[in-house]
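A, B and C label the chains in the order they appear, each numbered from 1.
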Amino acid sequence: MKRSLIAIQDFSVEELQELMDTANDIIANPAKYSELCRGKKIATLFFEPSTRTRLSFEAAMLELGGAVIGFSEAQSSSAAKGESVADTAKVISCYADIIAMRHPKEGAPLVAAMNASIPVINAGDGGHNHPTQTLADLLTIYREKGHLGNLTVGICGDLKFGRTVHSLIAALSRYEGVRFVLISPEELKLPSYVKKEILKAKGIPYVQTTDLEAVMPELDILYMTRVQRERFFNEEDYLRLKDSYILTPDRLYNAKTDLCIMHPLPRVNEISVAIDDDPRACYFKQVLYGKYMRMALILKLLKEAGTL
Amino acid sequence: MKRSLIAIQDFSVEELQELMDTANDIIANPAKYSELCRGKKIATLFFEPSTRTRLSFEAAMLELGGAVIGFSEAQSSSAAKGESVADTAKVISCYADIIAMRHPKEGAPLVAAMNASIPVINAGDGGHNHPTQTLADLLTIYREKGHLGNLTVGICGDLKFGRTVHSLIAALSRYEGVRFVLISPEELKLPSYVKKEILKAKGIPYVQTTDLEAVMPELDILYMTRVQRERFFNEEDYLRLKDSYILTPDRLYNAKTDLCIMHPLPRVNEISVAIDDDPRACYFKQVLYGKYMRMALILKLLKEAGTL
Amino acid sequence: MKRSLIAIQDFSVEELQELMDTANDIIANPAKYSELCRGKKIATLFFEPSTRTRLSFEAAMLELGGAVIGFSEAQSSSAAKGESVADTAKVISCYADIIAMRHPKEGAPLVAAMNASIPVINAGDGGHNHPTQTLADLLTIYREKGHLGNLTVGICGDLKFGRTVHSLIAALSRYEGVRFVLISPEELKLPSYVKKEILKAKGIPYVQTTDLEAVMPELDILYMTRVQRERFFNEEDYLRLKDSYILTPDRLYNAKTDLCIMHPLPRVNEISVAIDDDPRACYFKQVLYGKYMRMALILKLLKEAGTL
C-alpha cells in the first residue's frame, strides 16, 4: 500500500509542518512549482457530488502542471454496474498517478488505498473523515496567527455530526496550549467518544456552552458550522435555536480585534454576508489555502510513491 | 469588479471590431496563440446543461494553451447544498482565472461578476442574454459579407422568446444601413419593447411578415430559429404554422446566390439537412467562428484583468 | 469520411500488428510519445456512462500530451434538446481532432463518422461493437503468449449478448490455429449467425459445452464474462446455473500453469477476488494494455487524417 491520506492522524505533527512549509513556499514562489507534475494525472473519483472539494483538487493538480481525469457523481461511474471500490482502485491505478476519492460510505477510501498501486487521498467519506479540509483549516490558522498552539478555539454549530469539526479537534489537540470552547445547542453537542478519546485522554482543556455571545471575548478562532434543520427532533426546537448560531455583525461587538472567523463552506446563512468584508472573515482565505495544502499534499505523496 | 461580458451591449463597436480582428488573426496564425494561456484556467460553471456552448469555451481555452475545470449541470455543484451564486463566484475565484457561467436564472452571471475577483463571461442566463452566441453571429456575418453594415437581415421563427435574436438585433443595430425583416407567426412576433427600445429608438428600418417566401429575394442574411411546440397556445395553430418556418431547398428558389443562412444550433428540423451542402449554409461555420471569438474574448478579458 | 474505427474488422491483420507494435514501443519508451499530441484534443462523447472506457481514452490522450473535452452521459448533452448524432459530429469537428463515441444505439458511431470531418472511434454502441476492448484483448494475449495463433481459447459465460465476445471471436478467427471452446448455459449460447458467418465460414474448429471444469485442462486462454440475472427467462434457471460460471481458485485445479485468465470488466462476482493474486489472472493487465492500444490507435488515426 502506497503512502496515502485517509485520516488527519495519518500524518505526524512534523509532517503537517512540512506540508505547511511547502504550501507557504508555493504561495511565495508559484512559478517554482508550475511544472513539477507535468505528465502526471490525478483521478478525482467523486461517488457523491462535492464541487468545491473536487475543483480544489483539480486546480491544485493543474497548478502543478499535471492533468485530471475522473467523475463527479456515482451514476456516471462503473459503480452503477456493481463494480467494487477495490476493483475501481485497481483499474484507476492503470490510468492515473494519484487518486482523490469522495464516497458516501465510511471506509471506502481506505479500501481503495489498500487495493490501489498509487496513493489515495480521502476527499470525504460519509460522516467520517475529511482530512484535506483539516489541512486547509490548519494552514489558515497558522498563517493568520503565526502558530498553531496557545489558542482558544471556539467551534460553533453542529458539533455532533460535523466531520470537519472532529478532524479539526483531533489535529489541534496535538499542539501545546490549545483550549476549546464548544458552542452548540444541547441536541448537537460534541459526542462523548470524541471528548473521551481525544480531549480527556490528552488532558486538553475545554468548556461546553450554548451561549455564543458569552464566550465571544475569549476566542482567538471562531469556527462556524451549519446547523441543519434535519438534525433536530422537532421543528420547534429548530426554530427556537437556529438564530442563536447565526453570526451577524452585531454579535461581534465584544469579539477580539484579531479574531479569525472560519467556516468549511458551503454556508447557507450561518454567517451573514455583511461579515464578508470584515478583516476577521477568513473563510474565503480557507478556500485558497486549501488549494495550496492540496498541492503540497500531492507533491508529498507522489514523492513518497517514487513517482516524482 | 473585473471587466466581464454579461450582455453584448457591454462592448463598444470598437471593442467588437477588436475581437473580430483578433479572431481573424487566430484563424490565420493559430500557432501564435497556442501557448498564450499556459498555466491559466477557465472555470465552466454550467448550472444547466449546454454541451455545445460548454465545449466551445473549453476548446477555446485549450487552444490557447490553458486548462479547464468546472461542472456541466447543477446537481453536481455546491448549489445543490444551497450555496449562493455570490459565494460560488468567490470560491471559484480561488481556483481559476476566468469564469464562463450558464444559469437558468436571469442575472445570475451579473451577480457572479459582482462577487468574483476574476472576469465572468455570461454563457447564457435564462431567456435573457447569450452574448457569446452573438459574437459568433457577428464574426460569421463579417467574414461572409466583409462588413456588418448595409445588409438586409431576415430573422425567422420564434422572435418572441429567442434570446439570441434579441441580442443579435441589439448588436447589428449599431451598424449603418442595417434593415431587418422579421418573419414569424403572429404568436411569436418580436416583443414591443425590443421594437421600441432598439429599432424605433434608433430609427432602424424593419418590416414584419408571416411569409418567408415573399421576402426571400431581399435577404442578405437569413437567421433561422426554432419554433417550439410548447410556445403555442393550441396544437392546431402549431400544426398549421410549423411547416411555414422550415427551410427546405425548394424554398430557396428565389433567394440571393450569396445569401448567408445562419442558425444558433442545435437545430431540430428548422433547416432541412438537404441544405447542409449548399454553399450558402453557414451554420456550422458559425460554430467554428464561435470558438475563435471565445478565444479572442478570453484573451481580452484576461489582459484587462492583468492576468496576461 | 476520415479513417475511423467502427468495428474490429475495419483493420487488417497487418494493421492490428502495427497497433500492437506501437503499443509495445510505448510501453518500452513512454517518454518518446509523451508530447506527440501536444495541442490536439480528443472529444469523449459518452451518450451512456462507461467510466472505465472513458477514462482509458482520456488517460491515453493525456499520456500523448493531448487534452480532453466531452461529456459522460446523455443528459448533459445537446442530444437532450433533440440534436441528431450527425449534427453533433459536425459541431464537435469544430472543437476536437478525434472523437471517441459511446452510444446506446447501434450504428450511431458510424453515422457520426460519416458526418464528422475528424476520425471517430466507436467506444461501444449498444449490443453491437466495442472494438477497442478487442484491441485490449489482443495485446493481452499477444504479450502473455507471444503470438495470437495456435491457441485454444475458452470463452465462458454469456456468449449470446456479450458484444466483446463476438468481436473477440471475429478478431481471433483471422489467426492460424485458433480453436474455440464455448462454455455457457444453453440459454446463453453463441448465436447461430456468429457461428455461421465466422466460425463455419472460415472452418475454425470449436466446441460448445456447458461444463467449464471438463474443458479447463485444454485451455490456453479463459475469457470470462458476466452472466446477468436479467438474461434468464426464469429465476430457477438462473439460480441453478449462476454458480457454474463463477471462477474460484478450486476450479483451477486442473488448469494449465500458463493459463491466461481474462475478463472485460467490470466484474461483479464472475471471478473470485481470491484469484486476483494468481499469476494467471490477467484482467487488470488487460486494463493497462487497453490504454496503450488506445494510444496507438489515436496516433494511427490522427496520422492517417493528416493531423499529426
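Please note the rule applied: contacts are C-beta pairs under 8 Å (C-beta built on N, C-alpha and C of every residue); 3 or more make two chains touch, one makes a residue touch a chain.
These numbers were taken from a predicted model, which means no experiment stands behind them.
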> Considering only which chains touch which, how would you classify the arrangement: line, ring, star, complete or other?
Replying inline: complete
>> Given that chain A and chain C are copies and touch, would you call their interface same or different according to whether over half of its residue numbers are shared?
In response: different
> So if I superpose chain B on chain C by CA, what angle comes out, to the nearest 5°?
Replying inline: 120
> For chain A and chain C, what's the span in angstrom between their mean Cα positions?
Replying inline: 40
> What part of chain C is in contact with chain B in the complex they form?
Replying inline: 39, 41, 43, 67, 69-71, 75-78, 80-83, 86-87, 90-92, 94-96
> Of all residues in chain A, which touch chain B in the complex?
Replying inline: 34, 49-52, 55-56, 58-59, 62-63, 68, 72-73, 265-268, 273, 276, 284, 287-288, 291
